[in-house]
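One structure coming up, written as structure tokens, with questions to follow.
In this document, chain identifiers A, B, C, D, E, F, G and H correspond to the written order of the chains, with residue numbering beginning at 1 in each.
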Amino acid sequence: MCSENQKSVSTARLGFASVDLARAKRCGFPEVVYAEGKTAEAVMAIFEKQIAHGITPYATRLRPEQMAPLKERFPEGILNRTARTFRFFPREPQPPKGKVAVVTAGTSDLPVAEEAVETLLWMGVEVVAIHDVGVAGPHRLQERLADFEGCAAAVVIAGMEGALPSVVGGYVDFPVIAVPTSVGYGANFGGLSALLGMLNSCASNVAVVNIDAGFKGGYLAGMIASK
Amino acid sequence: MCSENQKSVSTARLGFASVDLARAKRCGFPEVVYAEGKTAEAVMAIFEKQIAHGITPYATRLRPEQMAPLKERFPEGILNRTARTFRFFPREPQPPKGKVAVVTAGTSDLPVAEEAVETLLWMGVEVVAIHDVGVAGPHRLQERLADFEGCAAAVVIAGMEGALPSVVGGYVDFPVIAVPTSVGYGANFGGLSALLGMLNSCASNVAVVNIDAGFKGGYLAGMIASK
Amino acid sequence: MCSENQKSVSTARLGFASVDLARAKRCGFPEVVYAEGKTAEAVMAIFEKQIAHGITPYATRLRPEQMAPLKERFPEGILNRTARTFRFFPREPQPPKGKVAVVTAGTSDLPVAEEAVETLLWMGVEVVAIHDVGVAGPHRLQERLADFEGCAAAVVIAGMEGALPSVVGGYVDFPVIAVPTSVGYGANFGGLSALLGMLNSCASNVAVVNIDAGFKGGYLAGMIASK
Amino acid sequence: MCSENQKSVSTARLGFASVDLARAKRCGFPEVVYAEGKTAEAVMAIFEKQIAHGITPYATRLRPEQMAPLKERFPEGILNRTARTFRFFPREPQPPKGKVAVVTAGTSDLPVAEEAVETLLWMGVEVVAIHDVGVAGPHRLQERLADFEGCAAAVVIAGMEGALPSVVGGYVDFPVIAVPTSVGYGANFGGLSALLGMLNSCASNVAVVNIDAGFKGGYLAGMIASK
Amino acid sequence: MCSENQKSVSTARLGFASVDLARAKRCGFPEVVYAEGKTAEAVMAIFEKQIAHGITPYATRLRPEQMAPLKERFPEGILNRTARTFRFFPREPQPPKGKVAVVTAGTSDLPVAEEAVETLLWMGVEVVAIHDVGVAGPHRLQERLADFEGCAAAVVIAGMEGALPSVVGGYVDFPVIAVPTSVGYGANFGGLSALLGMLNSCASNVAVVNIDAGFKGGYLAGMIASK
Amino acid sequence: MCSENQKSVSTARLGFASVDLARAKRCGFPEVVYAEGKTAEAVMAIFEKQIAHGITPYATRLRPEQMAPLKERFPEGILNRTARTFRFFPREPQPPKGKVAVVTAGTSDLPVAEEAVETLLWMGVEVVAIHDVGVAGPHRLQERLADFEGCAAAVVIAGMEGALPSVVGGYVDFPVIAVPTSVGYGANFGGLSALLGMLNSCASNVAVVNIDAGFKGGYLAGMIASK
Amino acid sequence: MCSENQKSVSTARLGFASVDLARAKRCGFPEVVYAEGKTAEAVMAIFEKQIAHGITPYATRLRPEQMAPLKERFPEGILNRTARTFRFFPREPQPPKGKVAVVTAGTSDLPVAEEAVETLLWMGVEVVAIHDVGVAGPHRLQERLADFEGCAAAVVIAGMEGALPSVVGGYVDFPVIAVPTSVGYGANFGGLSALLGMLNSCASNVAVVNIDAGFKGGYLAGMIASK
Amino acid sequence: MCSENQKSVSTARLGFASVDLARAKRCGFPEVVYAEGKTAEAVMAIFEKQIAHGITPYATRLRPEQMAPLKERFPEGILNRTARTFRFFPREPQPPKGKVAVVTAGTSDLPVAEEAVETLLWMGVEVVAIHDVGVAGPHRLQERLADFEGCAAAVVIAGMEGALPSVVGGYVDFPVIAVPTSVGYGANFGGLSALLGMLNSCASNVAVVNIDAGFKGGYLAGMIASK
């Protein structure tokens, strides 16, 4: 159990941030750096502190101007420009931690899907990607059903009417983490239509996270798969 | 064309209502009585005036206390308690006017579907009913695809996430009239979730009417089919 | 019927997209390219693949920087800068496919109307344009009523209070596809006022599509007219 | 001018209410009793106090149980059960104060219209009632245009899409006070659709009051007419 | 009465616009040019056509790039950069047409107020400006009460909580046209807070127009004053 | 300081509830019983436990059927049927704890005001009640300004446009706790209009609590006054 | 994997319902009967059909009038009046399937919690109940942290501000399924406040289901635990 | 008491603004300059007028281009670029005025917190800053509880789910002024999620101000502390 209320001796105060060095021990996974609103220098300083303590760093929501300095300073890290993430590999090989399907309704949902994929890879979870299988072309999902074999969870990402998680939920016997996206226009009201659709899913095994929250969708599915 | 701006000599003023006796000639179908807010006596008086002029009457949104008097006075009429409608048969046999599929996601959508069906039958349109084929059990719709053969339009009725019209739209080559229902609870906000889902449908052939508007869904599909 | 669940041998996988080469045979009309979020190169590659298979291409929601390369590469195509569309002519003359009226409330609704018109022309449907006949100048619509003669459907486009579809619906005996626009300010809330107005239309023959959805409005009306 | 900031010697404190006995002198019209949340006894006590000071009383939003006692105690007063109002006649004949048109879209808007009418009659303003002329039957309003002759303002009452005020506004050269009603269902969201439609009216001479606010609509029009 | 349904011989079709040359005769005031979405050339062409027919032109919602060409071409016109309006003087002196108060809550409401003032001046109505008298400094309005003397109506403009029209309404015996503005931040939701506040005003003589609708507020008040 | 994280030895577990017997010592005031959803027996059992420990009980949101048993069992307690509260007196006289003004816009706001008053009296705070001083009759508040003398805070309660807290805030030099009420109809949307108005108050000294939250409004003001 | 697209030979058509007899084999758990909108007779007929096929029945959302007949007909079943559920025991002992914590913020959330608990018990999952630990009394949750030991997931149920899932999420290393409830008043808008709070949780391991969806919360947690 | 209704002789009219020179005497604190929508020159002119009358100036919501001129002209003033404020020191030392805690959930809330801090410092109130103690890491707040000692109020600032004020409220015995921020994305809807969460707080001592309203939060807390 992740018992944060004990006296923590492993907090590194950097002035601009408090780096939690013991979270991986308590919660299973290290602290993730949310780069929005931080300078590239700040992200790099946190990374160095984490690496010094044997932690495998991971950052999300990078802005374009943060990307080049990071890649230059840490050439061994993986920069994903679409996902806006930067992750490291663990120093030593890790045993596999289960498998998760990442499913999208259309190509516009790709940035959110990539953030989920990067999160799962950083967690050491195997990913099966099933793209562009929105409900208006029903045969596309049916052709891919075998790919769900062996998965412990699915992250299903869709904008507009957000119907795909319900359909996937009807085909599988594991939890579906639904991620609504802001893809669409007019009466989608910034993702509200997909969000409400997913919350009202008639499938029993569909839970929902925030609009465009690819990280959270991947993290929850990875947590389920890695148990 | 339905040219209502000409000097109408066929309006019957009953005090409580203006009965438009010439609408069938102008618009293809006679005026429909919206019973909400009228007494049973008022509905009967309108019916009698219409029958006297050779019009086939039809009323929607009947309240329970209006039903018995209507059935007693007009035993030849068809009372549908679920649809809350009362309709008459034309005096002379009519040529068939095309076929429409009426599709529901779940059994709770039945009252809205029945209102659509009654409207279509009154218009003289053939109906194919495909019930309880919501997206969480995808095989159910696939087993019924052959039933769409020969249809000119579909009325697709769903609450909760309102995903069914998108899926049906992906299988057919005719217009889908989507009717969102208020079925559901919590974040469905009285049908808003289904309404927004249908408006944001990724299928090109889906148009939407008001929440629970079974009459309008049936009327539009019937208009398309009877051309 | 558009039976997409059969084993499709006509999908062209381009890496960045899956081009559905058989849709015209199944659904009556070929796949339309939604250019939003694609490069000009991607759109051109899809066009070439379609042309090679005898398909008449059509793209919507082009961004300004995509337009010049397309026109240069395909000088025979029709670029509509207002509609943000690019369409081709069929190689062989087609029999006419019915007539649709495209009606606007004001001049600001023109871009949405143009998208509907281009869609109808690509479908081979005849278009009657009736512009600037909003409800605050009621005589303007009345002067144009004769133009509805012979139409199978109308696309009625309006922002602000969105009242025009109701008024048109009262004059005609065919379906009205209402397209709310985001034209207006303040309490129009990005098109919500027109959308709600159209969904609550007191006319029986009015169905609604998404805000600013000129393509969908045109496609539905064209589908009705081309039967 | 209605200068309420001067030291008022004409307030009658009844314990449960402060009766403003001088308002007619200051503001042109006496205080109106809003009966919602008052007992029949309280309303009667206020009436008596007003009558004793030469004021012509008027009450709105009466509940059914308040009506019989009022009518029994003041047989000379006018009880309107549809409008839920009770008004008195001035003791001495008043000179006429102009004319206002009260216009409704449908018969369900009648209770709100009656409240406006009673308010205007109590103010001594002549009323022209034009009922059931909603936009889906455009010829109905056109047949009544002559009835607007001589009016100083119109109160236009409509639910659902709330389009009627825009249409009336296009025909007249005086202010239109638009009253949205909660008539409708589904996506009318308790009158929101009509309210937004009226606020976004493309006619320049349309102002709006609260949903179902027949009293306020009548009061404003009466104020304009009685100048 | 403004009877637009008669055969109009005074419409000037310019291709890009239909100029209504007879509106002043029918409705009391000429057509106003809404410049949003028109080129400077289009606005000038309409002005010239109007002037040629003896009409006094007026345009609202000018964009900055339209202003200089207009002022250069028509040096005799009044350009108001804050109001974003351009108006002409009538060729011959007009009799005065009543007086209207234009009241603002704060200095940020000034652009909306200026649009109302310009509209009133173009209509030939006298204006009394009462600025910066928001409810949080109650003495400021009280010091100006004498300025309402002789007014036939008030345009009261406020953002944030939109309380000022209620307070003004309590002091005067004429109609108050309330104009909510989008001034504010956070939970004002683009003017929604002021709009709802004004619609729910406890004062009987307050009617409301759209958010930031200075023209409509001025036009309605001017219509009342010029009777 | 109210340090609830220390090991509490004073929690009385009654099965149906955990009674916090030490809160008065820690937080200044004892736990208040929220009666909604509890039986009269449960409320009485909690009261007895509190009294046994020297605590002065207080309950809010009583339902009518809970009131008689409470009054019968504890005749020394104060039952306020309008406020729906039941409170006890401290066993020993308390020193006075400051003064708070409770202000209402209209008589319909009285139940919420009474809940605030009862809360303040239970806290031992002196109350000055200023009723029915809504902004549409501005002189009413001005006549009462002297009553604010000596107050440490005001609870200002209003429905509809919720403007009164702004006006009071402009007259006083202490915090105003604004309580929006659900009083009104139509576009007040259950108190939303008053809530948004108060949140957007142009007065610097206005903070807001939930709709109809008389208890919370009184509690906060009492906390300020009793320091 | 739950492959519903194969030809199903195990659907029992009862006229009023299609009973899916093979779902337990495909999806891990049998079909659950949603009793809302069914008669007691219909529920009993489905139960008998399920029992005949060796299925362990479970029904949710029972109305009071359905409860007595069910208990009388199936005395061996467990009726939970608070949860509004009826469940059976499997005929043969089942191996344990993991442990889930069900956590509530307040006593008013109990009915939703009970529905989650009954669902988990029917799934054969062990339940740890942690009640009345809302965030305003932070020590209450801290005293119960040891009870999370050995859990595979938590269902956290809260109304009002819906903050509890975030706090629980910060203490544990497994998924938290957050269930917002409609408990509260005023600005909770039927559970919207709790729903939005949970969707915006700053904890990475929180997923959300519909308002008051105790069944879905329990089902998802049970699915995670029983893997 | 702040009696603004007396004849004010201390208003300095600058043309563009009315400077209230006597507010500090009446309301305890001088008028604050809201710089949004003013030029740097206007702000400087007001400052000079205030300084000439012995007032200590303070401005909020400065735009970047206003900052340099202000700092150059008044080098003795304190410019806070994060808070967007400019304040002066009183000419003579002031006695201390109590202590307020300013608490943030995350580092993104810092600009709003800084505005609150600057406001408190200008008021002469001591500030204790407690940053980055959001609810997902519960131990962080617990470690800082001793810092609340001696405070008279807390300003608690949070975005996303806005849960922190409830948790702080459970630990302290003084008022909590909750400031929701627009920090977050997706379903936070510009701060709505935090706003609704705070309004529905289950803690009795939490009042709320507008989204991002750091000034108002600080002002209210400072008013409480300085009594």
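Just so we're on the same page, a residue touches a chain if its C-beta (ideal position, glycine included) is under 8 Å from a C-beta of that chain, and two chains touch if they have at least 3 such contacts.
Since we're looking at a predicted model, the values are computed, not measured.
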Subunit D against subunit C, contact positions shared by both copies (same if over half, else different): same
Reference interface E-H: repeating pair among A-C, C-D or B-C with over half of contacts shared: A-C
Centre distance in Å when subunit A and subunit E are each reduced to the mean of their C-alpha atoms: 52
Separation of mean Cα positions, subunit H and subunit B [Å, integer]: 58
Length of the line joining the C-alpha centres of subunit A and subunit H, rounded to whole Å: 37
Where subunit H touches two or more other chains, by residue: 4-5, 137-138, 142, 170-171, 186-189, 192, 195, 199-200, 204, 210
Chain pairs that touch, as defined at the top of this document: A-B, A-C, A-G, A-H, B-C, B-D, B-G, C-D, C-E, D-E, D-F, E-F, E-H, F-G, F-H, G-H
Residue ranges of subunit G in contact with subunit B within the complex: 4-6, 8, 16-18, 20, 36-38, 180, 182, 190-192, 195, 210-213
Subunit B-facing residues of subunit C, complex: 1-5, 26-28, 32, 142, 145, 148-149, 152, 170-175, 177, 195, 199-200, 204-210, 215-216, 219-220, 223-224, 227
Residues of subunit A touching subunit C in the complex: 107-108, 132, 137-140, 142, 185-189
Partner subunit C, residues of subunit D touching it in the complex: 105-106, 134-138, 142, 159-163, 166-167, 169-171, 184, 186-189, 192-194, 196-204
